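Each in structure tokens, the structures are laid out below.
You will see two complexes here that share subunit A, one where it goes with subunit B and one where it goes with subunit C.
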Partner chain A sequence: MSEISAAIGFNLIVISPTIALVGTALVLLFFTITIESNETVKKSITLIGILITSFCVFLKFGLFFQNGISSYFTQKILLDEFSLFGNVLISLILLFNFLPIWDSSKQLKEKTTEAIILTLMSASGFMLMVDSENLIMLFIGLEIGSISLYALAGLNRGDKLSNEASLKYFLLGSLASCILIYGVSLVFVSFSVFSVYNFALGIAYVGPDSVPLTTSIGVLLIFIGLLFKIAAAPFQSWAPDVYQGSPTGYVGFMSSIAKVSSFIVIARLCLVSINIIIEDFNIFFLIVIISSALIGSLFASIQEDLKRLLAYSGVVQSGFILSGIVSGINGTSASMFYLFTYILQLIGIFIIFSIINGKLSSEFNIQSIQGLFINNRFLAASFCIFMFGLAGIPLTSGFVSKFILLTNLWAYEKYLLVSILLLSTVAGFYFYLRPIWIATIEKTETPIETLKLKKSEYFVITTLATLTIFFGLVPSSLINISRWIVQSYL
Partner chain B sequence: MEILILGVLLIPFLTSLLLKVAGKYMNELLTNFVTLNASLLSVAISFFLFGYIFLDKFKPLKFELFEWFPDPQIVFEFYLDGLSGVMMVLICTLSLVIQLFSTSYMSKDEKYTKYFEYFNFFVFSMLLLVLSGNFLVMFFGWELVGLSSYLLISFWSEKKAASKAGNKAFILNRIGDFGFLIGLMMILNYFETFNFLSIFENTLKTRPENLDLMILFLLLGAFGKSAQFPLFSWLPDAMEGPTPASALIHAATMVTAGVFMLVRISPLLQFSEIGSITIISLGLLTALISAFAAINQEDIKKVLAYSTISQLGFMFIAIGAGAYVAAIFHLVTHAFFKALLFLGAGAVIHEMHHEQNIYKMGGLRKKMPVTAAMMGIGTLAISGIPPLAGFWSKDEILASVFSRGGIYYGFWALSLLAALMTAFYMGRHWLLIFVKEPSNELDSVNEAPKNMTRPLILLGLFSIFIGFINTPFFHGLEKVLHETLYDVEVTHLPKGITLAVLAFLSIGAGFTGLALAYLIYIFDIFGYFKIKIPFLKQIKKLSKDVLNLNKIGNLIFVKGMKSLSRKVAVSVDGMTIDGFINGVARSFLKSSQQISYSQTGLVRSYVVYFGLFMLVLILVFLFSPGVLL
Partner chain C sequence: MSLGKERPMIEVTTDWYLTLSAILFSIGFLGMMIRKNALIMFMCIELMLNAVNLTFITASNHLGLVDGQIAVFFVLVVAAAEVVVGLAIIVSIFKKQESASVDMLSSSKG
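Moving on, here comes the complex of A and B:
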């Protein structure tokens, strides 16, 4: 028996985070259906489940240091630095978002458990996605993750905007999935392989000059499907609508988790599978990045809704991260740094939004944060820190990430890209500072109501803000981590 | 000893933090106590440090805080040599004097404590900038200075103009920073370090091919921060902030950051011919334009703002001519007399109950004798009348430009013209405020309180005597900067009779300007002889509108960006790329006719665009080089 399991790479540790998440979801479901239990029990079950998941990720590190880069389950699950980084990020997202998710779900009354289960299932899907070596596995993970997100967007059934967001997200998301699976099938047609590694071998075997067109187009379609998930222009149109319509408490989770996993998959595809033919995709990516930077900054500067503004800012940030990933190994490392810091800021800002705007509400007019500074200094200060981070003002992690990324791009002699991205940063100062202006300096007759924060919320926000400042002052630790991620491709 | 550098930096920072945290519980007295004592302490430490390196023959002090970036190694480090020492002492001293003045000027303001909080934060960031040991720390200071000046400009944010001015300053400075960042990237890419010393050592051995481009990008940053053409339109508007803050930020220190940076990189700059020519010609252009613009301003602070730009132009001229010592010298003297002029203007505004139009003043000499005398000293100093401070520095700049020969004779002549104009508009400024017959009742005007006049007197003394630190007979500042400019070829003054003639000419220009101002505005020579100058009205209008350049810059950089984004967004909005989220939701609210259209309309169009863009991208991919062909 052991021989067989060794042969097919049967190893439960490598998928233990996924199992832990699904298990937690099942236990929760069990409790809801059979035993009458109060909310504290459910809350602790969820929290313990998430902690166990984090522990399982820790176990995977042990496995990695023992086996190195290795594949399991007949080349379906891959264990490499990227998947570990993705797992860590996803468990961090779950941990930091636990509060807003739980509070939003609690307000849903009888649907509390459903919402929690949806988030856990979604996280399990994305865990699978970052772990996948097999392209079909990737698709399955993506779908498990996304479908739960579609439902999350529409959880607040009383709100028409929420319904609409969910529907839009679903329709467009399924279109993107179609394109992705079509790309996978085209790739399969050329080489009859699904594994990202074997696929690279195939390309190397035929040589970079005689790669079949089906492969290139297939890879292109896979990229388009993933670009949709990270809301890069010109496939960004869904993002503002969905961000605006979804219950505020869930948006931080939804946006960060989809971005993390898609970026990691894109990075792995670029570094492993199509590494030797990536030159062919230069113009394609150039167009995507430039249009992301331009469209994102242009639209962000005219938004009157804060959540839409954040969506468009996300488009710009996606352009940034993508530009590093497609330019080379050092660029990828810089992008991973960027991704990490960006996710922290994004989660932080959405936690603050959900506190100000209410967990389930959809629209969030920019004027409604007037007088935040008088009302709650702590919130205003951390709001400023996150916004400064997103804008890339020095002494925050946002500056470091932009700086490293652009310096690397400059070293790759991508001058056009650097100038356009820098220009979008300049424009970014305008639209990131406007909310800060409104929140802190602008005088108002009708300030927002007094906000009371729970201790746990103080804790989470303080942690995120401290990290944002910390990585701005002493980035070397995170830089070393981001270099470690790409070390085996050097 | 090195740790004291950190002390100088941290004192204003901690003060600012304390005022921020405990601001609620502080009244004016307590705030004064905290902030004045803190700045006294930092003045003491900075003088002590300066004395220390003075005794050590200006051997630089270095202090490394921690490693910021592993590879290429970038350390968070500070560096104190003659140059940064001079700046440090200057900033600390001025900030003390100006805070003293502010305690009286800002009293009874609602946000009294907040003002000092921002003020101290600004001092911290400025010190960070000048004490930086590498480009990264400098950039941090650079950005923080911009941020704190933004806060101070829009301090009275309930005034619409104030917040607008703050935004404008911020955006124009961003354009400068854009260039600065690109320059930094090029430097990091070539030298693989940010440390000033190692970069300068490297340049002596090998020079990068694209040095000119590097310098030009860095210049863009300097032009933005120091308000030079074409990024100068923000400074006159920045006068919306509290006057003492303008004195410190927009006259004495922040705007000189560009000059400081250029002198700091002078070991690089000296090898770039194009860079030097660009600096001197744009500096000259700025000096002339803004001097011309200052002639017909009505606002007491705007005149000073334009004169600041013009004087900064002089500093740039000096740098372009390679006279780095002269540039720093003029920076120092200018800081004192311009701070004096601004504070004097502040006192006048304070006593005139926030009336800023100089035509509504006049005859204030009798009401405010001390202020009048001190501002008179400032006016004489800026006009270049010996033996006041401005004469020595301005004369040194003019003489250095002259001594370069060739095309620089032309530059010299034009700079002399700018000096004459300076004397003229400053003379007008002073005469209109203090001498001219008053046009309306000024009974309620009294001399400013002691807390205001004392700083003025102090600055007045400085404006008289600070010039003696570097005269043709005693090269004090040159010795201070000797270590900093060790490998730099500095333009020196001509010798003997030439120098005397040049000095005579520049004194002549100063007197002529002042005399003209007297003749025109007090004696009214045109009215007396019934001379009519053709096109006077048009010239006046032109001068007032700053040759419309101000507007054009604003149009392109500030309004253009906004309206472009709006226009594009609106026209694309028609194509529902940025469709608002009301496709389905609207269907519940609007009439049935629209339901059928919008229910699926938006999603459908999203899908169509999705497909279209996908096809376009595939086509682009197919036709990109190396795929099909």
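Moving on, here comes the complex of A and C:
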């Protein structure tokens, strides 16, 4: 028995974060349907589950330092720096988003547990996705994660916009998944492999000049499917509607977790699978990055809804991160730095939105934050820090990440990309600073009343804002981590 | 008598199946783009997933590998899960507006 397990690489530690998340969801379900339990019990179960998940990620680090890059379960699960980074990011997203998710779910009354279970299941799917070596595994992880997110977007059934967001997300998301799995099937047709490493071996075997057409189309379709999930233009059309319609408390979680896992998978595909033929896709990526930067900045400037503005800003940021990943190893390292800092700012800003606008609300007009500064000094200050971070103002992590990324692109001699991205940064100063102007300087008759914050909310927002400033002043620690992620591909 | 006349036999090769699945996938994709009814769009997604299944089976038959057939099971399971969530969403919208057309869903303009 043990010989068989050793032969197929049976190791529960590798998938322990996923098991912990699914286990927590099941325990929560059990407590809800059998024993009449109060809110505190459920809340502590969820929190303990998330903490156990983080501990399991810690265990995976131990396994990694013992075995190095290794694959398990007959080349289904991969343990490398990218998967560890993805696991850490997903646990951080869960930890930081725990408060808004819990508070929103509590307002759903009888559907509290459903919402929490959906969140945990979604996180477990994306954990599986960042760990996947096998392309079918990738698809399953993506679907477990996404299907939960479709339901999460439409949880507030009384709200028409929420329903609409859910249907749009569902239809376009499933279309993206279909395109992705068709790409996988075409790759299987050409090389009869699913593993990302064997795929690279297949390409190396036939030589980069005689790659079959089915492979190129298949890889292109896989990328289109993944770019849908990160809302890069021209595949961004769902993002603003979904961000606007979904309950505000969940949007931070939904957007950050899908982006993290998709970017990590794209990075692994670019660095491992199609590393030697990546030049063939240069034009495709160039179009995606330039249109993301331009369309994102253009539409973000004319938005009157803050959540839609953040959606289009996400399009621009996706263009930035993608430009680093497709340009090479140093660029990927810079992109991972960018991803980390961007996710922290994104979560922070959506926690503030959910406090100002109500946890389950959908629309969030930009004028409704008028006079935020007068009665809510703390919220206004942290709002400014996150917005400065997203815009890339010096002394915040956003500036450092943009700086590192652009200098790397300059070193790769991608002058066109650098100029376009700089242009979109300048446009960004307008659409990121306008909400700050409205919140702090613009005169108003009816400022927002004093909002009462819980101690835990103070704590989370302060942590995120401090990290945003900290990585802006002392970026070296995070730069070392992002160098470590790509070191084995150097 | 034309009974004994030999007709040219057309051999159905792997390429035919791959072409068929590509055509099915394109029909599904076009349907997603053109049709306005959420249920029809939903059926188009199913059509596309089945086109993928056909590709997997063809490849696995051609290569003599069982991997492709196993992949089909996973795709089927995912399709079933999508049906469950998708129909629930459509029903919840239908209750509100008595129609499954996506034209009605234009409150938020992208």
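In the analysis below, the second predicted complex is superposed on the first by the 490 of 490 C-alpha atoms of A that agree within 3 Å, B and C clash if a C-alpha of one lies under 4 Å from a C-alpha of the other, contacts with A are read in each partner's own complex, and residues count from 1 in each chain.
Everything that follows uses one rule, which is that contacts are C-beta pairs under 8 Å (C-beta built on N, C-alpha and C of every residue); 3 or more make two chains touch, one makes a residue touch a chain.
Remember, predicted model here, so these are calculated numbers, not experimental data.
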First, second, both or neither for A:Asn38, with subunit B first and subunit C second: neither
Partner chain(s) touched by A:Leu298 [first = subunit B, second = subunit C, both, neither]: first
Which of subunit B and subunit C A:Tyr150 touches, first, second, both or neither: second
More subunit A residues in contact - subunit B or subunit C: B
Subunit B versus subunit C as contact partner of A:Lys168, first or second or both or neither: both
Partner chain(s) touched by A:Tyr182 [first = subunit B, second = subunit C, both, neither]: second
Touching partner for A:Lys160 - first (subunit B), second (subunit C), both, neither: both
First (subunit B), second (subunit C), both or neither touched by A:Pro394: first
First, second, both or neither for A:Pro475, with subunit B first and subunit C second: first
Partner chain(s) touched by A:Phe194 [first = subunit B, second = subunit C, both, neither]: second
Residues on subunit A lying within both footprints (that of subunit B and that of subunit C): 160-161, 163-165, 167-168, 171, 175, 237-238, 240-241, 244-245
Interface residues, subunit C side, partner subunit A - complex: 18, 25, 28-29, 32, 38, 41-42, 45, 48-49, 51-52, 55-56, 58-59, 63, 65, 67-68, 71, 74-75, 78, 81-82, 85-86, 88-90, 92-93, 96, 102, 105, 107-108, 110
Interface residues, subunit A side, partner subunit C - complex: 136, 139-140, 143, 147, 150-151, 154, 157, 160-161, 163-168, 170-171, 174-175, 177-178, 181-182, 184-186, 188-189, 192, 194, 237-238, 240-241, 244-245
Contact footprint of subunit A on subunit B as seen in their complex: 66-70, 76, 139-140, 143-144, 147, 154, 157-158, 163, 170-171, 174-175, 177-178, 181-182, 185-186, 188-189, 561-562, 564-566, 568-569, 577-585, 588, 602-603, 606-607, 609-610, 613-614, 617-618, 620-621, 624-628
Subunit B-facing residues of subunit A, complex: 160-161, 163-165, 167-168, 171-172, 175-176, 179, 213, 216-217, 220-221, 224, 228, 234-235, 237-238, 240-241, 244-245, 279-284, 287-288, 295, 297-299, 301-302, 393-395, 403-404, 406-407, 410-411, 418-419, 422-423, 425-427, 429-430, 433, 437, 441-443, 473-476, 479-480
